[in-house]
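A, B, C, D and E label the chains in the order they appear, each numbered from 1.
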Amino acid sequence: MHDLLPFLPGQLNQVLDGITLLIPELYLSGLFLVILVTDILFGKNSGWLCRILACAGLVVVLIKDLQQFGLVVNNGFPFFNEMLLLHRTSVTFKALIDIFSIILLLYFEWDDELRSHTKKLSGLYAIAIAAILGLHLMAMSINLLSIYLSIEMVSIASYLMVAYHTENKLSSEAGLKYVLFGAASSAVMLYGISLLYGFTGSLNLLTGNMLPGLLHTNAMAVSLAFALVFVGVGFKLSFVPMHFWVPDIYQGAPTPVSAFLSTVPKIATFCLLINFFIPFLYYPKWDMHDFKLALSAAGIVTMVAGNFAAVLQNNVKRMLAYSSIGHTGFALMALAAFNDAGKTALSFYLVAYSLASIGTWMLATYFADAAKAEDMTSYKGLGFKYPLAGVLFVILLISLTGIPLTAGFNGKLVVFSAAYSAYQQSHYIWTLLLMITGAVTTVVSLFYYIKIPLNLFLRKTERSAGFASPNKYLLASVAIITILVIYLGFFPDILLKNL
Amino acid sequence: MTMVKALFYLMGFIAVASGLYVAASRNLVRSVFMFFVTLMALAGLYVLASADFVAITQIVVYVGGILVLIIFAFMLSGRESLAGLQQQESRFISINKLSAVLLAALFFILMLNILLKTDPDHLQWVQKAVSEKNMVKSGDATVNNLGINLMSHYLLPFEVVSILLLMALVGAAHISRKEKSL
Amino acid sequence: MIPLTDFLVVSAALFCTGLFIVLTKRNAILVLIGIEFMLNAANLNLVAFGKYDRLANGGQIFTLFSITLAAATTAVALAIILNLYKRYKTIDPSKTDHLKD
Amino acid sequence: MNILSLLIFIPLLFALAIIVLPSSMRAGFKYITLLATLVQLGISIWMYLHFQTGGHFGGVNNEAQFQFVQKIPWIDLSLGNMGKMQVDYFVGIDGISITLVLMTSLVMVIAALASWEIKSNLKGFFSLFLLLNTAVIGVFCALDFFLFYIFYELMLLPLYFLIGMWGGARREYAAIKFFLYTLFGSVFMLLVMVGLYLSVKDPATGSHTFNIIQMMNPANYDQGSVFSVLAHKTILGMPARTVGFVVLFIAFAIKVPIVPLHTWLPDAHVEAPTPVSIILAGILLKVGGYGIIRICLGIFPEIASSGAFWLGLLGVISIIYGALNALAQRDLKRLIAYSSVSHMGFVLLGIASQTPEGISGALMQMVSHGFLSAMLFFLVGVVYNRVHDRDIYNFRGLGTLMPKYTTFVMIAFFASLGIPGLSAFIGEAFSLLGAFESSSVNGYLPYWMAICGSVGIILSAAYFLWTLQRMFFGTLSLKGGDVWKTALTDLDSREILALMPLALMTLVLGVMPSLVFDKINDSVLALVHFLK
Amino acid sequence: MGAVLLPLLAAVIGFCLPARSKVSGWLSTLAILLSAVLSVAVFSKVWNQHPVHQQQLWFTIGETKVYAGILLNNLSVLMLVLVSVVALPVHIYSTAYMKNDERYGRYFTYLSFFCFSMLALVVTDSLVLFYAFWELVGFSSYLLIGFWRTKQAAVLANKKAFIMNRIGDIGLLSAIIIIYTTTRSFDINQLFGTNALVKTAAGQVTGVWQYIAFGGLFLAVAAKSAQFPLHTWLPDAMEGPTSISALIHAATMVAAGVFLLGRFYPVFTHHELTILAIVGCFTAFMAATIALTKNDLKRILAYSTISQLGYMVMAMGIGAYSSSLFHLATHAFFKCLLFLAAGIIIHEVQHVKDEYQLTIDPQNILYMGGLRKKMPLTFIACIIGGMALVGLPFTSGYLSKDGILIQSFEWSEGKSWVFKLIPIGALVTSWLTAFYVARLIAKVFFGEFKMLQFHPSIKLHISDGGWQYRVPLIFLTICSLFLLFSLNPILYERAWILTGFPNITGLDRVNIYHTIIPVLVNLVAVLVLYWAWSVYIKLKALPLPESGFLFRLSYNEWYIDKLYQKVIIMPVMALSKTTRWADLNIIDGFIHLLANIGLAGSKVAEWCDRYIIDGILHLTGSLVMAIGNFARRFQNGRVQYYLFSMLAVILVIFILKTLI
């Protein structure tokens, strides 16, 4: 032990310094414990209490996040023995994660399916908070260990959330598929990590021997290792070919959970990717060509696969799942630009996308609760029965399609701009292809998004009975989201300035 | 040294062979048992890689935890399913299996290919470590070293894992809990 | 003194075995076992390389973490599988395909 | 409050009013809409009267020469290493837009009158109608590409629902077809737009701008930017500026529509309810032509001149092809739809000639076609509402049954087949004249194009006269028998009220084309001079 | 100016009035009366003095300013007077002729509108306006031909007429545009007036443009004044009211083509004029032959019109500018006269028909006969009109027609024999004219009323009708005599009209033709008349007179007739049959062929639209579907299959990457 003693004080100091940068996460873990305790103390009827606690706590966490803006510089600095890296983007993303999580946590209770769950939701909140903690870590981790750990944390939490509604056959089936697929891909990722470690003898991306070591090893081996690692990341981000699980799981899982899976983990994972690429970007001798190629190709294929497959869907949740795949592909375009504009564009796009998609999931719940409508065909004529909901649905879908005066359009615009500027500097053919594919798939996406307004308004329903009185709060929150979407459609710079 | 080498190859052989048996066998109980053997063999390999603490953990956690869990699961999921599985297994057309074999084989070839390309013993950092004597010798104990590292360098993951385990516990408990209202 | 290459060969073999098991077995629990194989293969790599990283001890510690995570994952997975069994009276992944296009 | 913005947003205000009003007052909605359009008409007439002409009010590529300008900084943010992005709320009109604006607001009044026949879900209909109204006017006034694009896209959704919810039997197909067609064009337009604004720098602020007028000035392009005039960049091996021009042209050609991008038009027109077909044919097609003049020609003049031959060719093809198709139809509304294709072909031909006569003729043709097609579709709507049938073969000898109606039909038909003294004649004659001239003036178009164009005139005479003779002359015999006979009452006062201004406008423009030419002349000259 | 605008005023008022109001009739009659007076006044002021030319800016397009104005020179004032004066009796006539029609008011609206556009056409000074009114004339004739819109034949006829005219219009339009593009001017006076711009080097239309322009102009002329090959619409146009046929399709509108030639005269080159001459001559001959065998009263007159127009065009072609216009003027009067008379006859026969519900065609001359006692005035009118048409002395027709013939012979002097054909053709045509005129008169007025043979029970009370019929007839009859044009009934050179125009060929009597031609023409014409008379009357004429002289005479006539039957009638009949057949099957056939080609093209286009363009569209759609299906194929719900495909994809990509 003598040979480590000299390092000890430095290490501990680093830990102590790190604590100050870790305040939101500490709050989160505290919150986790609190909710756990309430769950245990008050038994299974403490759902409402846990919910209040969770949301309140998240608000506090959010505040703490925003406070962090003050103490970060733009390119950020690592802490906790270079386990984590805190920079402006990660703080932003953490804040976004918290905001959306608050909405989603509120949303859990509004879903009839989950509310009718006999085991109550108190446990779910605890799991969700843990998942959010994992997401926070993902957004900051810069070390292979922390990356693996946070990803696993989020994954396990997600398995549990998907399978949470145990009475539901589909839910549990989805859980099984998810856990098997997830575990397998994380195993693959672990193997990749082990190779990376083996080639360089270090787990630390930012400093240490990682990049020089990789430069000195055989390129093919390195790329295999990266490929294996990206399997794990791609599983979270669900781009082709790691997207196969998405439709089944989103369809089977309780709708709020699907909403959760389709938004926040993506945000965190994108942040993780940004972190992951930072060292390679700034390391002089490293050639990014492979990454660019891989990302562009993945983006193109993902856009095509997601959007084109969505055209033929009849189940609304499944359709939304495919569309989320497509959007991931589009976001990859911003990432593949590899410039600051790309980062800004990416975050704005993610905000626009997440807002709209949460809204649409909520509306899917709304119609499922109101009229037992799961399929497009059962949406017939509901627009006249629930006009407000119908109109909101249309606006949100418009935003997802990317037609002006919605946030989605500005998102597409900035992403295109970023890709374009990247193209202007390096006339890199794949970037151009990305943009063209993006344009084409936008048209295709309209093709299936429009189906919902089509059924809502253009067709007449034959059924007259069986219309429940749906949840007011749900509708209200969707309305707020929609207003946000339109507001961002008019004045994107309000947000873009701060990203 | 030759002794160690021989031991290593033995262990390695056992691990791989038992793994293959698991893959091949149709009898669940046997395959689970063979899995147990594999884990043991791996533990041995860890020891030979002079990572005794890891070896212990392997035995404790895997054999004592995971394996037991799995067997319990079998018990809970009842025999009839197993029976059903077996004959369904036998009747299963092997076209799917073939493709799987192909895939696995290809991966294996790929990996071997890579290993040969980057011969790991002469990696730059390995050489460096050897030269700097920054390598675990077979004799010395790694436990305290590990302890210090866990408490200092890897403190954060250590804490995080605790939360993770707690969460997993709660969740697993929730899912497998019987609803009273049913 | 055992060369790293041999370790890697063994681990690769294990990994591919696991892969094969995962892809072929018609029983969720066996699939899980296959995943464990793959994890162990990775662990073997880590440990083997960790030998040359005495100070930071990354390999071994990583192995410890991965073992723990494996345990957690297995627990969760088994819970889910049992629940599934309650619903479907089978744990054959290829039979639980109600969710599909 | 700037008068132009007022003009643009008044319908929006009324739409909001309609939305907030309870459905119990649905009877009043149509009056509200009519009021909105009338106010709009008043404003635009005022603008028309106060629109100054003269050499220093040419507009086109000179920002100072636009009138009723309003320019407010809107979006202004820095995009990291790409520099700053600057979007203004920038509206203003010059001679090219003024007449179109006036025409639009008049046609809107007619459409509002026509929409009284709508019976179901009035609140939705009229609010969408007014939203569409805002968008259309906005397109004609916007001078910032971003703003233009927004208005341009804003037209899609209301139209989709107007066609899809109040349309005919195959309305879903028509609506989706229309939507996809247009979106296809506009998405690629978005790409080019992004490329343009990243290439152009506002000399004043030094930030990337969407200002169309500054895009017209080659000096504002960055060195080495994709669309720079000097740096001959390529996209996928083709010259970048050509690609940009083609993409934009396709986007607008879909709207015009130009063969072979026209097949959405017959479906959309046929399925759409009367007021919507009026708006579609009367106004939206003009958006395409306007876009080609303002954007394609404005931003890529050199490509426009080198590609003039192909533009002209497309124009001629549309003329002939549309006319032939019209000749083959037996659904009256389809026939008129195809006749629109044919007539808009003249617009393209005139634009392609790039002579003052040609472009003035094209603009005149757009204005007159605005009135005429509105009139035609309104007339079709009259019969359709009476007996819900449009098949030409099912009617005969309507002339004796509904004399007033027949009179208006004859006016409309003969106007649109180019009888002198009615507006279309001036438009077509001068488009052709321009086409003839260009072969001797700038040598863009060979003269056979003009001759083929005039063949189109004969064809149009053929199908209109055929319809007239088949449907209105001869002894009375209807498919529906006496039921129809009783149903087919002559025009009532509202319909006459709606048709009369259109008929008068065609007549007045035919006798005094100076009403249009005086206003547009300076801008056209400026444009032609700019193109040289 | 007022002369032009009055009818328009009348038209507008009439348009506003209800369709059957009698007021508009008198209104427009009054208007045309006033405009006639005014135009006579203008005529007296302008004729052979300096032309009036006043214009004002109409609109500006680009740099070019387009003016609108009136140009009054001899040509236009002559036309002005002609139109208004001819229109006047027709108006009066119509008030009676149409009085029972329920769309009486509408009729006069159209009529006034026509007069307006015709008058405007003759006075306008801008090519744009010229084209405009040119087309408006066609448009109003369209309205009037199809006036009885419930009558299918009429509707088809007006469609045909309009589309044919349309073809001509397009020709004119292209010609105008070509002239404009070379001269940058629309001003007729500047272009074709004294020191015509088109003759100068700057304005000279050159090269292929020249021929295109000529082609366009020729099409215009051919369409408007029914020249070969675009003449077929005119006979069909007879479906309209007879008064309309009188005014438009005999007197005024069809003359517009000749007027066009007069206006654009400086444009044409020598060769082009020759072509015109040939076409005119051929048309004249062909139409005359066709007229020989028609039985429909109005169609006979229609074909005679065509042939007379042929004369005028030919005259223009051979440079007999003035004579052509002279003939135009005279022809207007006597042809109008003939038509009105025909109108009366048809009207009366129609009465009979209606009275007894007979199933006969009231226009078929075979059912007529012996009317000279019943309606003497009409008879006299027809005789004089016919004489004028044939060109017998003491009629206006004699003066103008002989002028044309003589000049044509002079023109063909010293040219190759091919050109000789033209005057000869004209000559023969005039004889043919004589024949069919005689036939017409004989069939209609002599003999007995054929209808009695079929329906013996008929009581005939046929008369010349009211004063609205008589006055115009008398008026026009007087106008058809030589007095109005020249005090010397024999020598056409004395006609004052000729003084108003530049004389192309020297008109001194040095030339032998001046004595020969008239004699020749008239002698033969008289002979032909006599033959015809004998053929159509004496044959079916009742018992021979006792007197031997007459008997022998009639015997000789038998003899002559035999010969005549063999030698002349047969071939002529055959010829006319063939021409008529050609007319129906070749020319109309050709036009129908064009129409069918158009329709076929339209079918093809529609097919393309549905299957190719939309087909491509739907193909794209299905392509999207296909890709989507491919992406979905992996989603079979088995997680292991997902894993497998995922790893497989990665492996494949990686292997590809390493291989490449």
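We take it that contacts are C-beta pairs under 8 Å (C-beta built on N, C-alpha and C of every residue); 3 or more make two chains touch, one makes a residue touch a chain.
Note that the structure is a prediction, hence the values are computed from the model and not measured.
Chain pairs A-B and A-E differ in how many C-beta pairs they share in contact, with the greater number at A-B. Using the mean of the Cα atoms as each chain's centre, the chain most removed from subunit E is B. Closest chain to the protein centre (all Cα atoms averaged), using per-chain Cα means: D.
Rounded to a whole number, the gap between the C-alpha centres of subunit B and subunit E is 106 angstrom. Subunit A and subunit D have Cα centroids lying 44 Å from one another.
The distance from the centre of subunit C to the centre of subunit E, with each centre set as the mean of the Cα atoms, comes to 100 Å.
The centroid of the Cα atoms in subunit A and the matching centroid in subunit C are 26 Å apart. Each of residues 4, 8, 15, 18-19, 22-24, 31-32, 43, 48-49, 52-56, 59, 61, 65, 69, 72-73, 76, 79-81, 83, 93, 96, 98-101 in subunit C touches at least two other chains. The set of subunit A residues that touch two or more partner chains comprises 4, 7, 145, 149, 152, 156, 159-160, 163, 166, 175-177, 180, 184, 188, 198, 201-202, 220, 224, 247-248, 309, 312, 447.
Screening every pair of chains for touch gives A-B, A-C, A-D, A-E, B-C, B-E, C-E, D-E. Subunit C makes touch with subunit B in their complex at residues 1-10, 12-21, 23-24, 26-27, 29-30, 32-34, 36-37, 40, 43-44, 47-57, 59-61, 63-65, 67-76, 78-83, 85, 89-92.
Residues 624-625, 627-629, 631-632, 634-635, 637, 639-640, 642-643, 645-647, 649-650, 653-654, 657-658 of subunit E are the ones touching subunit A in the complex. Those residues of subunit E lying in contact with subunit C across their complex are 632, 635-641, 643-644, 647. Residues 177, 260, 262-263, 266, 321, 324-329, 355-357, 360-361, 397, 399-400, 403, 414, 419-421, 425, 429-430, 432-433, 436-437, 440-441, 447, 450-451, 454-455, 457-459, 461-462, 465-466, 468-469, 472-476, 512-514, 517-518, 521, 524-525, 528 of subunit D touch subunit E in their complex.
Put simply, subunit E touches subunit B in their complex at residues 644, 647-648, 651, 654-655.
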